[in-house]
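Note that chain A is present in both complexes that follow, paired respectively with chain B and with chain C.
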Partner chain A sequence: MMETIGPALVAICLLIGAIFTLVAGIGLLKLNDSMTRLHAPTKVGTVGVGAMLLASMIHSFVLGHESYHELLIMAFLFVTAPISANFIAKVQLHKRNCDAPPLPPRDDTWSTYDVPEFDRHHEELEEFSEPKAN
Partner chain B sequence: MSEMPAFLEYTLIFTFVVVALSQIMAMIRLVIGPDTGDRILALDTMVVNAIGLIVLLGIAQGIQIYFEVSLIIAMLGFVSTVAYARFVLRGDIIE
Partner chain C sequence: MLSKAYRWLLPHPFLTLLLAVVWTLLQNDISAGMIVFGLILGIIIPLLTQLWWPDRPHGLNLGKFISYALLVMWDILVANVQVAWIVLTKPNSKLKPAWVVVPLELRQPEAITILAGTITLTPGTVSADLSSEGHSLLVHALDAEDPDAVRDEIKSRYEARLLEIFK
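And now, the complex of A and B:
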(Lines of atoms letter the chains of each structure in order from A and count residues from 1; the text may use other names and numbers.)
(Lines give C-alpha, C1' and ligand atoms only; values in the text may rest on other atoms or scores of the structure.)
Protein backbone atom coordinates (compact mmCIF):
# COMPACT_ATOMS: atom_id res chain seq x y z
CA MET A 1 0.00 0.00 0.00
CA MET A 2 2.64 2.51 1.11
CA GLU A 3 5.01 1.45 -1.68
CA THR A 4 2.51 2.28 -4.40
CA ILE A 5 0.77 5.39 -3.11
CA GLY A 6 3.72 6.88 -1.16
CA PRO A 7 5.79 8.28 -4.07
CA ALA A 8 2.64 9.82 -5.58
CA LEU A 9 1.90 11.60 -2.28
CA VAL A 10 5.52 12.83 -2.14
CA ALA A 11 5.27 14.16 -5.71
CA ILE A 12 1.97 15.95 -4.99
CA CYS A 13 3.39 17.64 -1.88
CA LEU A 14 6.53 18.65 -3.80
CA LEU A 15 4.43 20.17 -6.60
CA ILE A 16 2.31 22.14 -4.09
CA GLY A 17 5.48 23.41 -2.39
CA ALA A 18 7.09 24.35 -5.70
CA ILE A 19 4.08 26.33 -6.90
CA PHE A 20 3.70 28.17 -3.59
CA THR A 21 7.41 29.03 -3.50
CA LEU A 22 7.29 30.33 -7.08
CA VAL A 23 4.28 32.52 -6.25
CA ALA A 24 6.17 33.91 -3.24
CA GLY A 25 9.19 34.80 -5.39
CA ILE A 26 7.11 36.44 -8.11
CA GLY A 27 5.16 38.40 -5.51
CA LEU A 28 8.33 39.61 -3.82
CA LEU A 29 9.75 40.77 -7.15
CA LYS A 30 6.73 42.19 -9.00
CA LEU A 31 4.48 43.90 -6.43
CA ASN A 32 4.99 47.65 -6.38
CA ASP A 33 4.42 48.72 -2.76
CA SER A 34 6.63 47.82 0.17
CA MET A 35 3.72 46.97 2.48
CA THR A 36 2.13 44.84 -0.27
CA ARG A 37 5.43 43.08 -0.91
CA LEU A 38 5.50 42.06 2.75
CA HIS A 39 2.48 39.80 2.21
CA ALA A 40 3.89 37.54 -0.49
CA PRO A 41 6.90 35.73 1.03
CA THR A 42 5.95 35.76 4.71
CA LYS A 43 2.75 33.77 4.20
CA VAL A 44 3.01 31.97 0.87
CA GLY A 45 6.68 31.05 1.22
CA THR A 46 6.13 29.53 4.64
CA VAL A 47 3.36 27.28 3.30
CA GLY A 48 5.61 26.24 0.40
CA VAL A 49 8.44 25.14 2.68
CA GLY A 50 5.88 23.44 4.95
CA ALA A 51 4.65 21.35 2.01
CA MET A 52 8.24 20.39 1.15
CA LEU A 53 8.87 19.32 4.75
CA LEU A 54 5.68 17.23 4.60
CA ALA A 55 6.98 15.61 1.42
CA SER A 56 10.27 14.82 3.18
CA MET A 57 8.39 13.21 6.07
CA ILE A 58 6.27 11.04 3.74
CA HIS A 59 9.43 10.08 1.82
CA SER A 60 11.07 8.85 5.03
CA PHE A 61 8.00 6.65 5.61
CA VAL A 62 8.31 5.32 2.06
CA LEU A 63 11.99 4.49 2.56
CA GLY A 64 11.13 2.55 5.71
CA HIS A 65 12.81 4.57 8.48
CA GLU A 66 10.05 6.64 10.03
CA SER A 67 10.91 10.13 11.33
CA TYR A 68 8.77 12.90 12.76
CA HIS A 69 11.65 15.42 12.99
CA GLU A 70 10.29 17.58 10.18
CA LEU A 71 7.27 18.49 12.30
CA LEU A 72 9.70 20.38 14.57
CA ILE A 73 11.00 22.60 11.75
CA MET A 74 7.44 23.11 10.48
CA ALA A 75 6.19 24.25 13.90
CA PHE A 76 9.20 26.53 14.36
CA LEU A 77 8.74 28.16 10.94
CA PHE A 78 5.00 28.61 11.41
CA VAL A 79 5.52 30.24 14.81
CA THR A 80 8.37 32.57 13.84
CA ALA A 81 7.14 33.76 10.42
CA PRO A 82 4.43 36.11 11.80
CA ILE A 83 6.86 37.53 14.37
CA SER A 84 9.47 38.46 11.78
CA ALA A 85 6.73 39.83 9.51
CA ASN A 86 5.53 42.02 12.38
CA PHE A 87 9.07 43.32 12.94
CA ILE A 88 9.53 44.14 9.24
CA ALA A 89 6.14 45.91 9.18
CA LYS A 90 7.28 47.99 12.16
CA VAL A 91 10.44 48.93 10.26
CA GLN A 92 8.32 50.08 7.30
CA LEU A 93 6.06 52.10 9.61
CA HIS A 94 8.99 53.85 11.27
CA LYS A 95 10.71 54.56 7.96
CA ARG A 96 7.39 56.17 6.75
CA ASN A 97 7.39 53.98 3.63
CA CYS A 98 3.61 53.54 3.70
CA ASP A 99 0.50 55.55 4.48
CA ALA A 100 0.44 56.48 8.15
CA PRO A 101 -2.35 54.70 10.06
CA PRO A 102 -5.23 56.91 11.27
CA LEU A 103 -4.88 58.22 14.80
CA PRO A 104 -6.29 56.03 17.58
CA PRO A 105 -9.69 57.05 18.97
CA ARG A 106 -8.65 57.60 22.59
CA ASP A 107 -4.89 58.02 23.08
CA ASP A 108 -2.48 60.52 21.55
CA THR A 109 -0.56 58.10 19.35
CA TRP A 110 0.01 54.41 18.60
CA SER A 111 2.33 52.61 20.98
CA THR A 112 4.83 51.90 18.17
CA TYR A 113 5.38 55.61 17.64
CA ASP A 114 5.30 56.41 21.35
CA VAL A 115 8.53 57.63 22.95
CA PRO A 116 9.28 56.23 26.42
CA GLU A 117 9.33 58.60 29.39
CA PHE A 118 13.12 58.44 29.76
CA ASP A 119 13.84 59.28 26.11
CA ARG A 120 11.21 62.03 26.09
CA HIS A 121 13.01 63.68 29.00
CA HIS A 122 16.28 63.51 27.08
CA GLU A 123 14.69 64.99 23.95
CA GLU A 124 13.37 67.92 25.99
CA LEU A 125 16.81 68.44 27.48
CA GLU A 126 18.38 68.50 24.02
CA GLU A 127 15.80 70.97 22.76
CA PHE A 128 16.40 73.08 25.84
CA SER A 129 20.17 73.06 25.48
CA GLU A 130 20.26 73.85 21.77
CA PRO A 131 19.78 77.64 22.02
CA LYS A 132 22.49 77.79 24.67
CA ALA A 133 24.96 76.08 22.38
CA ASN A 134 24.21 78.57 19.65
CA MET B 1 19.15 9.06 -6.37
CA SER B 2 18.35 5.63 -4.97
CA GLU B 3 15.56 3.42 -6.43
CA MET B 4 13.13 6.26 -7.07
CA PRO B 5 10.23 6.16 -9.56
CA ALA B 6 10.86 8.18 -12.70
CA PHE B 7 7.98 10.63 -12.12
CA LEU B 8 9.30 11.42 -8.65
CA GLU B 9 12.73 12.22 -10.10
CA TYR B 10 11.20 14.59 -12.65
CA THR B 11 9.10 16.28 -9.95
CA LEU B 12 12.20 16.66 -7.79
CA ILE B 13 14.16 18.30 -10.61
CA PHE B 14 11.24 20.65 -11.36
CA THR B 15 11.02 21.63 -7.69
CA PHE B 16 14.78 22.27 -7.52
CA VAL B 17 14.57 24.58 -10.55
CA VAL B 18 11.53 26.45 -9.20
CA VAL B 19 13.02 27.03 -5.73
CA ALA B 20 16.29 28.20 -7.30
CA LEU B 21 14.29 30.64 -9.47
CA SER B 22 12.53 31.97 -6.37
CA GLN B 23 15.92 32.34 -4.68
CA ILE B 24 17.21 34.35 -7.66
CA MET B 25 14.12 36.60 -7.55
CA ALA B 26 14.70 37.26 -3.84
CA MET B 27 18.34 38.06 -4.63
CA ILE B 28 17.28 40.60 -7.28
CA ARG B 29 14.96 42.21 -4.73
CA LEU B 30 17.87 42.26 -2.26
CA VAL B 31 20.00 44.18 -4.76
CA ILE B 32 17.41 46.64 -6.13
CA GLY B 33 15.30 46.91 -2.97
CA PRO B 34 14.51 50.59 -2.55
CA ASP B 35 14.63 50.54 1.22
CA THR B 36 15.97 48.74 4.29
CA GLY B 37 12.71 46.92 5.05
CA ASP B 38 12.66 45.35 1.58
CA ARG B 39 16.22 44.15 1.98
CA ILE B 40 15.47 42.55 5.37
CA LEU B 41 12.40 40.88 3.85
CA ALA B 42 14.47 39.57 0.90
CA LEU B 43 17.06 38.10 3.30
CA ASP B 44 14.30 36.41 5.33
CA THR B 45 12.83 34.92 2.14
CA MET B 46 16.26 33.68 1.06
CA VAL B 47 16.72 31.89 4.38
CA VAL B 48 13.33 30.16 4.03
CA ASN B 49 14.15 29.14 0.43
CA ALA B 50 17.54 27.81 1.56
CA ILE B 51 15.75 25.58 4.08
CA GLY B 52 13.56 24.32 1.22
CA LEU B 53 16.62 23.56 -0.94
CA ILE B 54 18.30 21.61 1.86
CA VAL B 55 15.13 19.59 2.50
CA LEU B 56 14.95 18.80 -1.25
CA LEU B 57 18.58 17.64 -1.15
CA GLY B 58 17.68 15.34 1.75
CA ILE B 59 14.79 13.85 -0.25
CA ALA B 60 16.98 13.38 -3.34
CA GLN B 61 19.75 11.56 -1.45
CA GLY B 62 17.50 9.74 1.02
CA ILE B 63 19.63 10.87 3.99
CA GLN B 64 18.33 12.02 7.38
CA ILE B 65 21.34 14.17 8.37
CA TYR B 66 20.06 17.28 6.59
CA PHE B 67 17.35 17.68 9.22
CA GLU B 68 19.77 19.18 11.77
CA VAL B 69 21.21 21.56 9.17
CA SER B 70 17.83 22.95 8.22
CA LEU B 71 16.74 23.29 11.86
CA ILE B 72 19.85 25.31 12.74
CA ILE B 73 19.44 27.49 9.62
CA ALA B 74 15.79 28.14 10.56
CA MET B 75 16.77 29.29 14.06
CA LEU B 76 19.68 31.46 12.88
CA GLY B 77 17.52 33.00 10.15
CA PHE B 78 14.82 34.05 12.60
CA VAL B 79 17.35 35.50 15.04
CA SER B 80 19.16 37.43 12.30
CA THR B 81 15.90 38.87 10.92
CA VAL B 82 14.87 40.08 14.37
CA ALA B 83 18.37 41.48 14.96
CA TYR B 84 18.34 43.44 11.68
CA ALA B 85 14.85 44.83 12.32
CA ARG B 86 15.72 45.74 15.89
CA PHE B 87 18.91 47.49 14.76
CA VAL B 88 16.93 49.60 12.31
CA LEU B 89 14.20 50.34 14.87
CA ARG B 90 16.31 51.16 17.95
CA GLY B 91 19.84 51.76 16.65
CA ASP B 92 21.05 48.99 18.93
CA ILE B 93 20.49 45.24 19.21
CA ILE B 94 20.94 44.55 22.92
CA GLU B 95 20.21 47.53 25.15
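And now, the complex of A and C:
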Protein backbone atom coordinates (compact mmCIF):
# COMPACT_ATOMS: atom_id res chain seq x y z
CA MET A 1 0.00 0.00 0.00
CA MET A 2 2.62 2.52 1.17
CA GLU A 3 4.96 1.48 -1.65
CA THR A 4 2.51 2.65 -4.30
CA ILE A 5 1.11 5.80 -2.65
CA GLY A 6 4.49 7.03 -1.32
CA PRO A 7 6.32 7.55 -4.62
CA ALA A 8 3.19 9.04 -6.17
CA LEU A 9 2.94 11.60 -3.33
CA VAL A 10 6.64 12.37 -3.66
CA ALA A 11 6.24 12.88 -7.41
CA ILE A 12 3.22 15.17 -6.97
CA CYS A 13 5.03 17.31 -4.40
CA LEU A 14 8.13 17.54 -6.59
CA LEU A 15 5.97 18.56 -9.54
CA ILE A 16 4.16 21.26 -7.53
CA GLY A 17 7.48 22.56 -6.24
CA ALA A 18 8.98 22.61 -9.72
CA ILE A 19 5.97 24.44 -11.21
CA PHE A 20 6.03 27.16 -8.54
CA THR A 21 9.80 27.58 -8.86
CA LEU A 22 9.41 27.91 -12.62
CA VAL A 23 6.68 30.53 -12.16
CA ALA A 24 8.99 32.45 -9.80
CA GLY A 25 11.66 32.44 -12.52
CA ILE A 26 9.18 33.52 -15.19
CA GLY A 27 7.97 36.32 -12.94
CA LEU A 28 11.52 37.53 -12.39
CA LEU A 29 12.00 37.76 -16.16
CA LYS A 30 8.57 39.06 -17.12
CA LEU A 31 7.89 41.81 -14.59
CA ASN A 32 9.63 44.94 -15.70
CA ASP A 33 10.20 47.17 -12.73
CA SER A 34 12.45 46.54 -9.79
CA MET A 35 9.76 46.67 -7.09
CA THR A 36 7.17 44.42 -8.77
CA ARG A 37 9.96 42.02 -9.70
CA LEU A 38 10.57 41.49 -6.00
CA HIS A 39 7.15 39.88 -5.57
CA ALA A 40 7.65 36.77 -7.69
CA PRO A 41 10.61 35.13 -5.89
CA THR A 42 9.59 36.11 -2.35
CA LYS A 43 6.22 34.46 -2.50
CA VAL A 44 6.18 31.81 -5.14
CA GLY A 45 9.63 30.69 -3.98
CA THR A 46 8.49 29.75 -0.48
CA VAL A 47 5.88 27.25 -1.67
CA GLY A 48 8.26 26.02 -4.39
CA VAL A 49 10.95 25.14 -1.88
CA GLY A 50 8.34 24.05 0.70
CA ALA A 51 6.79 21.48 -1.64
CA MET A 52 10.20 20.05 -2.52
CA LEU A 53 11.11 19.75 1.16
CA LEU A 54 7.77 18.02 1.78
CA ALA A 55 8.64 15.58 -1.00
CA SER A 56 12.01 14.91 0.67
CA MET A 57 10.30 14.29 3.99
CA ILE A 58 7.69 11.92 2.57
CA HIS A 59 10.49 10.08 0.76
CA SER A 60 12.44 9.60 3.99
CA PHE A 61 9.35 8.34 5.83
CA VAL A 62 8.47 5.87 3.06
CA LEU A 63 12.03 4.51 3.09
CA GLY A 64 11.81 4.04 6.84
CA HIS A 65 14.55 6.36 8.16
CA GLU A 66 12.65 9.43 9.25
CA SER A 67 14.12 12.87 8.72
CA TYR A 68 12.88 16.03 10.45
CA HIS A 69 15.51 18.44 9.17
CA GLU A 70 13.12 19.65 6.46
CA LEU A 71 10.81 21.17 9.10
CA LEU A 72 13.72 23.28 10.34
CA ILE A 73 14.76 24.30 6.83
CA MET A 74 11.19 25.43 6.16
CA ALA A 75 11.04 27.34 9.45
CA PHE A 76 14.34 29.13 8.84
CA LEU A 77 13.35 29.88 5.24
CA PHE A 78 10.09 31.47 6.36
CA VAL A 79 11.93 33.57 8.92
CA THR A 80 14.70 34.76 6.59
CA ALA A 81 12.90 35.21 3.23
CA PRO A 82 11.09 38.44 4.32
CA ILE A 83 14.38 39.93 5.53
CA SER A 84 16.17 39.57 2.20
CA ALA A 85 13.06 40.98 0.44
CA ASN A 86 13.06 43.89 2.88
CA PHE A 87 16.74 44.59 2.20
CA ILE A 88 16.28 44.56 -1.57
CA ALA A 89 13.29 46.91 -1.20
CA LYS A 90 15.37 49.23 1.01
CA VAL A 91 18.13 49.31 -1.60
CA GLN A 92 15.60 50.30 -4.28
CA LEU A 93 14.28 53.08 -2.04
CA HIS A 94 17.80 54.21 -1.19
CA LYS A 95 18.89 54.42 -4.83
CA ARG A 96 15.61 56.19 -5.80
CA ASN A 97 15.08 53.37 -8.25
CA CYS A 98 11.28 53.31 -7.87
CA ASP A 99 8.27 55.64 -7.61
CA ALA A 100 8.59 57.88 -4.58
CA PRO A 101 6.48 56.45 -1.72
CA PRO A 102 3.91 58.69 0.02
CA LEU A 103 5.04 60.26 3.29
CA PRO A 104 4.08 58.50 6.53
CA PRO A 105 1.09 60.12 8.31
CA ARG A 106 2.68 60.56 11.76
CA ASP A 107 6.47 60.59 11.50
CA ASP A 108 8.82 62.78 9.47
CA THR A 109 9.99 60.33 6.87
CA TRP A 110 10.78 56.66 6.14
CA SER A 111 13.74 55.23 8.00
CA THR A 112 15.72 54.60 4.79
CA TYR A 113 15.57 58.34 4.02
CA ASP A 114 16.28 59.28 7.62
CA VAL A 115 20.01 60.01 7.27
CA PRO A 116 21.97 62.93 8.72
CA GLU A 117 22.50 65.97 6.50
CA PHE A 118 26.23 65.25 6.19
CA ASP A 119 25.66 61.72 4.84
CA ARG A 120 23.15 62.94 2.30
CA HIS A 121 25.73 65.34 0.98
CA HIS A 122 28.33 62.58 1.01
CA GLU A 123 26.11 60.29 -1.07
CA GLU A 124 25.63 62.93 -3.74
CA LEU A 125 29.35 63.56 -3.91
CA GLU A 126 30.02 59.87 -4.44
CA GLU A 127 27.41 59.66 -7.15
CA PHE A 128 28.84 62.47 -9.25
CA SER A 129 32.58 62.05 -8.73
CA GLU A 130 34.63 59.78 -10.93
CA PRO A 131 36.35 56.85 -9.19
CA LYS A 132 39.94 57.83 -8.49
CA ALA A 133 42.72 55.91 -10.22
CA ASN A 134 45.43 54.60 -7.90
CA MET B 1 8.33 32.10 46.23
CA LEU B 2 7.67 29.34 43.73
CA SER B 3 6.85 31.79 40.96
CA LYS B 4 10.06 33.69 41.75
CA ALA B 5 12.12 30.50 41.34
CA TYR B 6 10.26 29.80 38.10
CA ARG B 7 11.03 33.32 36.86
CA TRP B 8 14.69 32.86 37.70
CA LEU B 9 15.05 29.45 36.11
CA LEU B 10 12.93 30.19 33.03
CA PRO B 11 13.26 33.88 32.17
CA HIS B 12 11.85 33.18 28.74
CA PRO B 13 9.76 29.97 28.71
CA PHE B 14 8.85 30.29 25.02
CA LEU B 15 12.54 30.45 24.01
CA THR B 16 13.23 27.39 26.20
CA LEU B 17 10.55 25.41 24.39
CA LEU B 18 11.74 26.64 20.98
CA LEU B 19 15.39 25.73 21.67
CA ALA B 20 14.42 22.25 22.90
CA VAL B 21 12.31 21.61 19.78
CA VAL B 22 15.01 22.95 17.41
CA TRP B 23 17.70 20.86 19.13
CA THR B 24 15.63 17.67 18.93
CA LEU B 25 14.84 18.27 15.24
CA LEU B 26 18.49 19.08 14.47
CA GLN B 27 19.57 15.78 16.02
CA ASN B 28 16.95 14.03 13.87
CA ASP B 29 16.30 11.74 16.83
CA ILE B 30 13.15 12.13 18.91
CA SER B 31 14.22 10.22 22.03
CA ALA B 32 14.02 10.99 25.75
CA GLY B 33 17.76 11.65 25.97
CA MET B 34 17.73 14.23 23.20
CA ILE B 35 14.64 15.97 24.60
CA VAL B 36 16.27 16.22 28.05
CA PHE B 37 19.49 17.56 26.51
CA GLY B 38 17.46 20.06 24.48
CA LEU B 39 15.68 21.21 27.63
CA ILE B 40 19.02 21.65 29.42
CA LEU B 41 20.24 23.85 26.54
CA GLY B 42 16.87 25.62 26.56
CA ILE B 43 17.34 26.50 30.22
CA ILE B 44 21.03 27.48 30.06
CA ILE B 45 20.97 29.63 26.91
CA PRO B 46 18.13 32.00 28.01
CA LEU B 47 19.81 32.33 31.44
CA LEU B 48 23.12 33.31 29.85
CA THR B 49 21.63 35.66 27.26
CA GLN B 50 18.85 37.41 29.21
CA LEU B 51 21.20 40.32 30.04
CA TRP B 52 21.29 41.29 26.37
CA TRP B 53 17.55 41.13 25.88
CA PRO B 54 16.12 43.65 28.32
CA ASP B 55 12.69 44.46 26.86
CA ARG B 56 11.53 41.07 25.70
CA PRO B 57 7.77 40.64 25.42
CA HIS B 58 6.06 39.02 28.41
CA GLY B 59 2.89 36.97 28.39
CA LEU B 60 2.75 35.66 24.85
CA ASN B 61 -0.61 34.08 24.11
CA LEU B 62 0.62 30.75 22.77
CA GLY B 63 -2.77 29.33 21.73
CA LYS B 64 -3.63 32.42 19.70
CA PHE B 65 -0.11 32.44 18.26
CA ILE B 66 -0.53 28.90 16.92
CA SER B 67 -3.89 29.70 15.33
CA TYR B 68 -2.30 32.83 13.82
CA ALA B 69 0.54 30.72 12.37
CA LEU B 70 -1.98 28.32 10.80
CA LEU B 71 -3.95 31.24 9.31
CA VAL B 72 -0.75 32.71 7.83
CA MET B 73 0.26 29.34 6.34
CA TRP B 74 -3.13 29.03 4.66
CA ASP B 75 -2.85 32.60 3.37
CA ILE B 76 0.63 31.85 1.99
CA LEU B 77 -0.78 28.93 -0.01
CA VAL B 78 -3.63 31.07 -1.40
CA ALA B 79 -1.23 33.96 -2.06
CA ASN B 80 1.11 31.74 -4.02
CA VAL B 81 -1.62 30.61 -6.38
CA GLN B 82 -2.85 34.20 -6.78
CA VAL B 83 0.60 35.62 -7.51
CA ALA B 84 1.40 32.75 -9.88
CA TRP B 85 -1.87 33.47 -11.70
CA ILE B 86 -1.07 37.20 -11.95
CA VAL B 87 2.45 36.48 -13.21
CA LEU B 88 1.27 34.03 -15.85
CA THR B 89 -1.87 35.76 -17.14
CA LYS B 90 -1.75 39.51 -16.54
CA PRO B 91 0.21 41.63 -19.02
CA ASN B 92 2.58 44.12 -17.41
CA SER B 93 0.62 47.10 -18.72
CA LYS B 94 -2.49 46.04 -16.78
CA LEU B 95 -0.69 45.60 -13.47
CA LYS B 96 -1.37 48.27 -10.88
CA PRO B 97 1.52 48.31 -8.42
CA ALA B 98 0.99 50.70 -5.53
CA TRP B 99 2.52 51.90 -2.27
CA VAL B 100 0.37 51.22 0.76
CA VAL B 101 0.99 53.01 4.07
CA VAL B 102 -0.13 51.01 7.10
CA PRO B 103 -0.37 53.05 10.32
CA LEU B 104 0.71 50.81 13.20
CA GLU B 105 -1.00 50.30 16.55
CA LEU B 106 1.54 47.65 17.55
CA ARG B 107 4.43 49.01 19.59
CA GLN B 108 6.72 46.06 20.45
CA PRO B 109 9.54 45.58 17.90
CA GLU B 110 8.98 41.80 17.97
CA ALA B 111 5.33 42.19 17.04
CA ILE B 112 6.11 44.66 14.24
CA THR B 113 8.74 42.25 12.91
CA ILE B 114 6.21 39.42 12.78
CA LEU B 115 3.66 41.68 11.06
CA ALA B 116 6.24 42.80 8.47
CA GLY B 117 7.26 39.20 7.84
CA THR B 118 3.65 38.12 7.46
CA ILE B 119 2.98 40.92 4.97
CA THR B 120 5.97 39.90 2.87
CA LEU B 121 4.90 36.24 2.81
CA THR B 122 1.23 36.87 1.95
CA PRO B 123 -0.92 38.11 -0.99
CA GLY B 124 1.05 40.27 -3.41
CA THR B 125 2.53 42.54 -0.76
CA VAL B 126 6.11 43.20 0.37
CA SER B 127 6.91 45.29 3.42
CA ALA B 128 9.56 47.76 2.33
CA ASP B 129 10.27 50.20 5.12
CA LEU B 130 9.35 51.47 8.57
CA SER B 131 8.84 55.15 9.30
CA SER B 132 11.58 56.92 11.26
CA GLU B 133 9.77 56.67 14.61
CA GLY B 134 8.15 53.31 13.89
CA HIS B 135 4.55 54.50 13.63
CA SER B 136 3.81 53.26 10.12
CA LEU B 137 4.87 50.54 7.74
CA LEU B 138 5.49 51.05 4.03
CA VAL B 139 4.14 48.18 1.96
CA HIS B 140 4.46 47.62 -1.76
CA ALA B 141 1.52 45.88 -3.44
CA LEU B 142 1.98 44.00 -6.71
CA ASP B 143 -1.51 44.53 -8.06
CA ALA B 144 -3.84 46.71 -6.00
CA GLU B 145 -6.98 48.22 -7.51
CA ASP B 146 -7.67 49.92 -4.19
CA PRO B 147 -4.68 50.50 -1.86
CA ASP B 148 -7.02 51.46 1.02
CA ALA B 149 -8.67 48.03 0.90
CA VAL B 150 -5.24 46.37 1.12
CA ARG B 151 -4.40 48.50 4.15
CA ASP B 152 -7.71 47.70 5.87
CA GLU B 153 -7.27 43.98 5.24
CA ILE B 154 -3.76 43.98 6.74
CA LYS B 155 -5.03 45.86 9.78
CA SER B 156 -8.08 43.71 10.43
CA ARG B 157 -6.69 40.32 9.43
CA TYR B 158 -3.18 40.40 10.89
CA GLU B 159 -2.59 43.40 13.12
CA ALA B 160 -5.74 42.89 15.20
CA ARG B 161 -4.73 39.28 15.88
CA LEU B 162 -1.15 40.28 16.78
CA LEU B 163 -2.48 42.89 19.20
CA GLU B 164 -4.30 40.09 21.02
CA ILE B 165 -1.19 37.85 21.03
CA PHE B 166 1.19 40.50 22.43
CA LYS B 167 -0.91 42.00 25.18
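The rule is short, and it goes like this: the second predicted complex is superposed on the first by the 114 of 134 C-alpha atoms of A that agree within 3 Å, B and C clash if a C-alpha of one lies under 4 Å from a C-alpha of the other, contacts with A are read in each partner's own complex, and residues count from 1 in each chain.
In the analysis below, a contact is a pair of C-beta atoms (placed from the backbone, for glycine too) under 8 Å apart; a residue touches a chain by one contact, two chains touch by 3 or more.
Computed from a predicted structure; not experimentally measured.
Engineer: Classify the contacts of A:P101 with the two partner chains as first (chain B alone), second (chain C alone), both, or neither.
Structural biologist: After superposition on chain A, A:P101 lies in contact with chain C alone.
Engineer: So, does A:K90 touch the first partner chain B, the second partner chain C, both, or neither?
Structural biologist: both
Engineer: Thinking of the overlay built on chain A, is A:S67 touched by chain B (first), by chain C (second), by both, or by neither?
Structural biologist: In the superposed model, A:S67 contacts both chain B and chain C.
Engineer: So, does A:T42 touch the first partner chain B, the second partner chain C, both, or neither?
Structural biologist: both
Engineer: Touching A:M52, do we find chain B (first), chain C (second), both, or neither?
Structural biologist: first
Engineer: Just checking: does A:I26 make contact with chain B only, chain C only, both, or neither of them? Give me first, second, both or neither.
Structural biologist: In the superposition, A:I26 touches chain B and chain C alike.
Engineer: For A:L77, decide between first (touching chain B), second (touching chain C), both and neither.
Structural biologist: first
Engineer: Is there a shared patch on chain A that both chain B and chain C touch, and which residues make it up?
Structural biologist: Shared contact residues on chain A: 26, 38, 42, 46, 67, 69, 72, 81, 83, 90, 92.
Engineer: Considering the complex alone, what residue numbers of chain A touch chain C?
Structural biologist: Chain A residues touching chain C: 20, 23, 26-27, 30-33, 35-36, 38-40, 42-44, 46-47, 66-69, 71-72, 78-79, 81-83, 85-86, 89-90, 92-93, 99, 101-102, 104-112, 114.
Engineer: Where on chain C is chain A touching in the complex?
Structural biologist: Within the complex, chain C touches chain A at residues 22, 24-26, 28, 30, 76-77, 79-80, 83-84, 87-88, 92, 95, 97, 99, 101, 103, 116-117, 119-122, 124, 126-136, 138, 140, 142.
Engineer: Please name which positions on chain A make contact with chain B in the complex.
Structural biologist: Listed in rising order, the residues are 7, 10-11, 14-15, 17-19, 21-22, 24-26, 28-29, 34, 37-38, 41-42, 45-46, 48-49, 52-53, 55-56, 59-60, 63, 65, 67, 69-70, 72-73, 76-77, 80-81, 83-84, 87-88, 90-92, 94-95, 97.
Engineer: Chain A touches which residues of chain B in the complex?
Structural biologist: 4-5, 7-8, 11-12, 14-15, 18-19, 21-26, 28-29, 34-38, 40-42, 44-45, 48-49, 51-52, 55-56, 58-59, 62, 64, 67, 70-71, 74-75, 78, 81-82, 85-86, 88-89
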